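Same chain, two partners: subunit A is paired with subunit B first, then with subunit C.
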Partner chain A sequence: MEQVIANGLYLGAQYALIALGLTLIFGLMNVLNFAHGQMYVLGGFITYAIYGQLGLPFPVAVVASGISLAVIGGLMERYLFRTVIRRSHREESTMLLAAATAFFFDAVILLIFGEKQRGVPKIVKGVFNDFGVIMPYDRIVVAVLAALMILGFILFMKYSRTGRAMRALAQDRVAAQLMGIKVDRYTMIGFALGAMLAGVVGGLLVSITGVNSGIGGPISVKAFLMIMIGGAGVVGGAIAGGFILGMMESVGLTVLREYGDVTYLVIFAALMIFLAIRPNGLMGKPWG
Partner chain B sequence: MITRRNTLKSAALGTVSAIALFMGSTLAAQAANEKLKIGFVGVTSGPAAAWGTSNVRSMQTLAAWYNETGGVKIGDKTYDIEIVTFDDQKDPKRAVEGMEKMAQEGIHYVVGPNVDDGAAAVRPVAEKNNIIYFPYAFPKELYTPPASNAILGMIANYQSGPAIYKYLKENKGVKTVAFIAANESDPLSQRDGGVAAAKALGLEVVADKDTYQNDTRDFTPVLTPIVGLNPDLLVLSGVAPANAPLLIRSARELGYEGLISTETAQDAKVIEEGAGELANGFISVGGASTPEIASDRMKEFVDRYTKMFGEYNDESNTKVYALDYILETMKANPAAIDNIDEFKKTIDTFSAPNPYVKGDSKLSYVGTTSFGQKRQISVPMVVNEYKDGAFQTLFVGSVD
Partner chain C sequence: MNRTLRLLGVAAFLVAVFVVVPLLISVTGRKDVYYTLTSVALLSIASAGVWLTFYIGRINMGQGAFALMGAYVTAVLVNHYGVAFWWTLPAAGLFCAVASLLIGLPILRLRGVYFAMVSLVLTEVTRLLALALPVTEGAKGITNIPLPGAISLFGLTIVPDFATLENPRIAFYYLAATLMVLCFAGMYRLVHSRIGHICMSLQQNEELASSIGVNIVHLRLIAFAISSFLGGISGATFAAVTQSVYPSSFTVTDSVNFMLNCFLGGLGYVFGPMLGTLTLYFGWNLLFQTGEFQLLIYSSLMIILMLVLPNGLLSLGEGRRKG
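For the complex of A and B:
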């Protein structure tokens, strides 16, 4: 059972980090970024190219992934989403745009990086094996980094000027504008930050799970699941959703294994019932 | 000033130019070979893209090779080969669209689809439009009478599995086996076939229900209970190349020390990057590129593929064959070029040297034992063991 809990916590940490960027963008702009998984994949491939192919240090590669995705995210907001939001009166226009960018990224990534699964050398060798728990050290490092990044993100959102501005935007866009907050500027920063988180987590996890050009869609779906559980647009909700999903997977795959692949069936059934009772997820409205 | 002389001069020049252009285009048309279109319908995008991409790239490499060296002589005509491709995205509906596209283009020979449901879905379209197709899918009903248009393009798991388990039982002392498969039709049917084969050999199956979502990225939770059972052999049924290194790595990191095998083709580079030395000893079914058996032509194929696409894929070791089978059968009976009934007649007696393997191996159609008729291409059943970034041949078998 110790192993099952450890697996769940590790999965939860990585899931929470994936969901943070998605929920940030949703909270700020009311946009479901279908390309979030593709951003994760792109971040993974950038780290693969810099660390795995060029042989530069892993932290350099992860930082490069984060910066690259932040720039891409900023440009996407400035030249795509901002334009569509201004010109279109239909909310689904941004969803269509997000879906289109997801397909576009899929095609570009496949073209540039090919169809093969890619991986990089382990960042830390060895396996922790004690107290009934087996956990490779590189997973422990990634889990700790994920936890630190989540903590850093919460502190940034709570205490920094930029974070406070973004929270104000998420709470009430018009009121924030009347209070003198530069809406366009902070929306772009928020989108870039969300994309950066996707890139960084993609870069971090390429050392554990590798990356391939086709996994963007499934990653996005899982991230949507998490923010539905926790409450879309809520940072705490994304974290809670990530850990809940991670633990449900870990426990389900152990306890229900005798019944075949019913774990996700149970998770989806539970989610439907849960959403019928709490349609806004665990934590309700954006930014609580 | 326009004079009569100038007018006549211009008219003469224009006529000469027109004749020269006409002659030029006619001569060019005469110099170029006729095109012979061969289709491909398979998956070249999404998580399973590696399967179809290695397939279509093998065909494109061979086509470019043939065209560069003057084309392929069938009967008294020489043809350039054109590969018409369609990405079915591993979706049966798209596969049907792809096969319809091939029919509209007048194509009679198609390689693919890559998976069971796609191959089953295209059957009515292929039969209605006189198309012979070469799926990489294992359902027996595709190849068993009354079906007659599908020809299995590789060795099925129910053919390679028993041979691998028998070898491991006799040579490595395997007594207990655990199976794990993705929750999709191909891997599940391969798992069921593997379980039956293992039981028939007297092996104890300790796990036969464990499954995972095909898009799983972290396999530790899935493998934790199986590793606890400590089987002698862990079979990754129908595992996709993207998932194999992740499964191997998770199993080894959880402390599993037994053997790991699969009946699907894998790529050594992918395994090396994803699992490194943890994958040493991993057993899979390959093709003809291990140094022990590869002919010079196979080596040149690998070189040409690498130059054309930047990187070779070991999965192409099994996928190099289909196009050659189509062309060699047409050479044996040129009437088959647009008449699949002639092709079917030729299948029973066809034989040609296998250019990709050292020695006197033959290209021929097999499958009588499994399907009651010859509806499978004969490729060497090369069982490989991964070691330090490359495959080594463990043993070579064959299929009737």
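For the complex of A and C:
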């Protein structure tokens, strides 16, 4: 039982971090970023290249992943999404753009890094074994780092000037603009920040699960699940959703093991029932 | 004048689909194009369904689920119960329509991305169910589905037995094209009817529509059921064409592609899904020659297209008319 909870917490921490980036972008622009999983993969491969191949220290590699993804995200917002939002009659058009960029990233990743599963040397060796819990130290390190980053992100959104501006934007775009917030600039920063989070998680997790070019899509779907559980566009919701999904996966894999590979079937079914009762997730705002 | 023009356009389209294309193919001898065109026709039927849900303001990424259901209904009925394909085709459509009513009742309350994501999840649920249920035979799927038999009325053979034909692909092409024409004629009629106009009001503001006495629950269920019916028909015919169905026959990627077809053609135009499907499917196949760069070029073109024509290919004609 302790093992299940520990696994759930570990999964939850990394999931929550993935969901945060997605929900930030959604909250600011109403864009469902299909390419989120691909950004994660890209971050993973950048860390793989810098840490695994060039041999530079792991933190440098993760920071490099974050920075490059932030730049990519900023450019995407500035030159792709902003243009399409301005020219299109319907908001949903950004979904096609997002899907197209997801394909584009898939193609680029496949061309540059190939289709092989890539891993890097462990960052910390050894296994923690106490209190009935067995967990490799590197997983603990990653989970703690993820938790710290979540905390940092919350504090940033709550107290920094940029964070406040972005929260105002998410709440009411027009009102924020009237209060003198530079809407374009903060939207771009928000998108870059969301992309950066995806890149950093990818970089962190490459040291544990490795990375391959095909996992972008499934990661995106999981991230969608999390923000649906918690409520789209809400920071707290994304964190809650991440931890809930992590727990459900961990518990499901243990409890439902004898029935075969049905964990996700059960999770999906439960989610559909849940959303039928609470259409906006745990803490989402009503969406029109 | 306008009316005659439109009639001429329809006639030209019908002639092109049923006469010119087969002629061209027999002249050039590229019989493989039949299969491609059959796929385009069937996929555009499913996309038309997605388009209808867009029309009531829902982003539908669940069409893959209904296509898969339809395919399995046909496969199971034909292979396990020996029902004729022609009966299973409407059965598949109706099964999907009923299923969509049951599923739609709760989830159609959702809007925006929530509906989009739930429908995406629905696609995944259906795939996992197909893997888990005994009747669908798991990952190995149902194969060796017999070709459709003959239809005869009063001893007169209307449709020959596909198995006796020299090239069943041509027959499937005619079948798919007929279905597509029927589907789009129906859609055109629906959109330009009273219900179509009310659907438009759902797209813009459901509360307002509801406040002036439109039964929105009723209407969006109908639209979703029609959409799923089309998905089921398309999937069932696909199963007959490929003579097999697997849990991976229709996946999340297909659901997303149906949606992209609608976007590309233009959400404001009934025939958008058809044009979008044709463009995307042919574009993808043409780029096959570029090998490893296929996906890169394809996605870059899509991004560029989106930047230049964010309202779909058909908005090109509109701009000219205005200007």
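Quick note on the criterion: the second predicted complex is superposed on the first by the 285 of 288 C-alpha atoms of A that agree within 3 Å, B and C clash if a C-alpha of one lies under 4 Å from a C-alpha of the other, contacts with A are read in each partner's own complex, and residues count from 1 in each chain.
Everything below uses one rule, namely that a residue touches a chain if its C-beta (ideal position, glycine included) is under 8 Å from a C-beta of that chain, and two chains touch if they have at least 3 such contacts.
Bear in mind that the values here come from a model prediction, so they are computed numbers and not experimental data.
Student: Once the shared chain is lined up, is A:L110 touching subunit B (first), subunit C (second), both, or neither of them?
Tutor: both
Student: In the overlaid three-chain picture, which partner chain does A:F156 touch, first (subunit B) or second (subunit C), both, or neither?
Tutor: Neither partner.
Student: For A:L205, decide between first (touching subunit B), second (touching subunit C), both and neither.
Tutor: After superposition on chain A, A:L205 lies in contact with subunit B alone.
Student: So, does A:Q3 touch the first partner subunit B, the second partner subunit C, both, or neither?
Tutor: A:Q3 contacts subunit B only, not subunit C.
Student: Regarding the shared-chain residue A:A100, is it in contact with subunit B (first), subunit C (second), both, or neither?
Tutor: In the superposition, A:A100 touches subunit C alone.
Student: Looking at the overlay, does A:N129 come into contact with subunit B only (first), subunit C only (second), both, or neither?
Tutor: first
Student: With the two complexes superposed on chain A, say which partner A:L271 touches: subunit B (first), subunit C (second), both, or neither.
Tutor: second
Student: Which residues form the common part of the subunit A surface touched by subunit B and by subunit C?
Tutor: In the superposed arrangement, which is not itself an observed complex, subunit A uses residues 106-107, 110, 217, 260-261, 264 for both subunit B and subunit C.
Student: Please give the residue numbers of subunit B that touch subunit A in the complex, ascending.
Tutor: For this pair, the touching residues of subunit B are 44-50, 53, 183, 209-213, 215, 217-218, 220-222, 224-225, 241-243, 245-246, 253-255, 267, 269-270, 273-276, 310-311, 313.
Student: Touching subunit C in the complex: which residues of subunit A?
Tutor: Subunit A reaches subunit C through residues 26, 30, 32, 34, 80, 83-84, 87-90, 92-93, 95-97, 99-101, 103-104, 106-108, 110-111, 217, 221, 224-225, 228, 232, 260-262, 264-265, 268-269, 271-273, 275-276, 279-281, 284, 287-288.
Student: Can you tell me which positions in subunit C touch subunit A when the two form their complex?
Tutor: Against subunit A, the touching part of subunit C is residues 54, 59, 103, 106-107, 109-114, 116-118, 120-122, 124-125, 128-129, 131-132, 252-253, 256, 259-260, 263-264, 267-268, 292-296, 298-300, 302-303, 306-307, 310-311.
Student: Which part of subunit A faces subunit B closely enough to touch in the complex?
Tutor: 3-4, 7-8, 10-11, 14, 52, 106-107, 110, 114-122, 127, 129, 134, 136, 139, 205, 208-210, 212-215, 217-219, 249-250, 253-254, 257-261, 264
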